[in-house]
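Consider the two complexes below, in which chain A is the common component and chain B and chain C are the respective partners.
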Partner chain A sequence: MSGTEKAGSGTTKTPADFLKSIRGRPVVVKLNSGVDYRGILACLDGYMNIAMEQTEEYVNGQLKNKYGDAFIRGNNVLYISTSKRTLAEGA
Partner chain B sequence: MANNPSQLLPSELIDRCIGSKIWVIMKGDKELVGTLRGFDVYANMVLEDVTEYEITAEGRRITKLDQILLNGNNIAILVPGGSPESE
Partner chain C sequence: MATEEESAVKEPLDLIRLSLDERIYVKLRSDRELRGKLHAYDQHLNMILGDVEEIVTTVEIDDETYEEIVRTTKRTVPFLFVRGDGVILVSPPLRTA
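Showing the complex of A and B:
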């Protein structure tokens, strides 16, 4: 992949760049199961293993658990997001 | 064969999509549309201004996300230009 700039898009941001930029910030981690974990990203690695603080577990949008610290094994991760808002539900 | 200009490698196709809308169809009942900012050899992708579409028992759930790192492991199809709905 090239590191060149595309017209009107700013610089390329690789996954490694993204991982560096979000450490210490609030994130939403969605697992393949559909469960969300929201908290402060303590640290992470190239496998997408994640350590989080002040973690909240959401199932179907509802708060189910709170954890002081949590470790998520990377193979379960669908995505890591910097913020989130659900718009609509329905057919 | 390799120097045939009409032949495009998959990675080159994705690279040409950087800065543009892309439609990502996952293995499960999930689709995402967003602006591609970057990717790696595993097809992990950084997407911006993302809309996530989820098929649930209640219907279709739509979630807006500012910026995400999407794990390439569950990607099934990539469609340059975004989904027809996002036009």
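Showing the complex of A and C:
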């Protein structure tokens, strides 16, 4: 079910399909305030609430805080982007 | 431990549920931060926190040098109702810490 979905990630049909496909992957979440959160996307819901792991907070490109787990309330989210940079490189 | 937590977190609010009765960090709008024990919450992220430390960060401009001065003000509140629509981020304590 989900395995085949992940395997066939070539074409995604809707925004919801994109959001399903990035679960478990490194992402960048940009808030309306301009702050970035980088980490592993654990899960999200219909309000765009986000649970992340190994979360790093960047303000104006500077690393400000680290959170083992973080919950971000969906109303603050401007966008979610997959990150090409691996966390291993960052660490 | 990570795998246990991962299987327990199927939707983001599970992360909040797992934080009940634990001390959590809450980032609010207007540069406010809270640390307190999570007693209760709802789907709006209204929360009841106990033994709360509130930190407010303000930036002032020095009249003479025009330097930015970052100042933090702290206060403690025994019991606090937080309205959910001001919440930006909630983080449970670091397991490794």
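Definition applied: the second predicted complex is superposed on the first by the 71 of 91 C-alpha atoms of A that agree within 3 Å, B and C clash if a C-alpha of one lies under 4 Å from a C-alpha of the other, contacts with A are read in each partner's own complex, and residues count from 1 in each chain.
The definition used in the following text is that a contact is a pair of C-beta atoms (placed from the backbone, for glycine too) under 8 Å apart; a residue touches a chain by one contact, two chains touch by 3 or more.
Predicted model only: the values in this text are computed from it and were never measured.
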Per-residue touch tally on chain A - higher for chain B or for chain C: B
Touched partner set for A:Pro15, first chain B, second chain C, both or neither: first
First, second, both or neither for A:Thr82, with chain B first and chain C second: first
Which superposed partner A:Tyr67 touches (first chain B, second chain C, both, neither): second
Partner chain(s) touched by A:Asn49 [first = chain B, second = chain C, both, neither]: second
Where chain A meets both chain C and chain B, residue numbers: 75
Residues of chain B that touch chain A when the two form their complex: 11, 14-15, 18-20, 26, 28, 30, 35, 37-40, 44-46, 50, 54, 56, 58-71, 73-74
In the complex, chain A residues that touch chain C: 31, 33, 37, 42-45, 49-51, 53, 55, 67-73, 75-76
Complex contacts: residues of chain C adjacent to chain A: 2, 5-6, 9-16, 25, 45, 84-85, 87-96
Complex contacts: residues of chain A adjacent to chain B: 1-2, 6-10, 12-19, 28, 32, 34, 48, 60, 75, 77-91
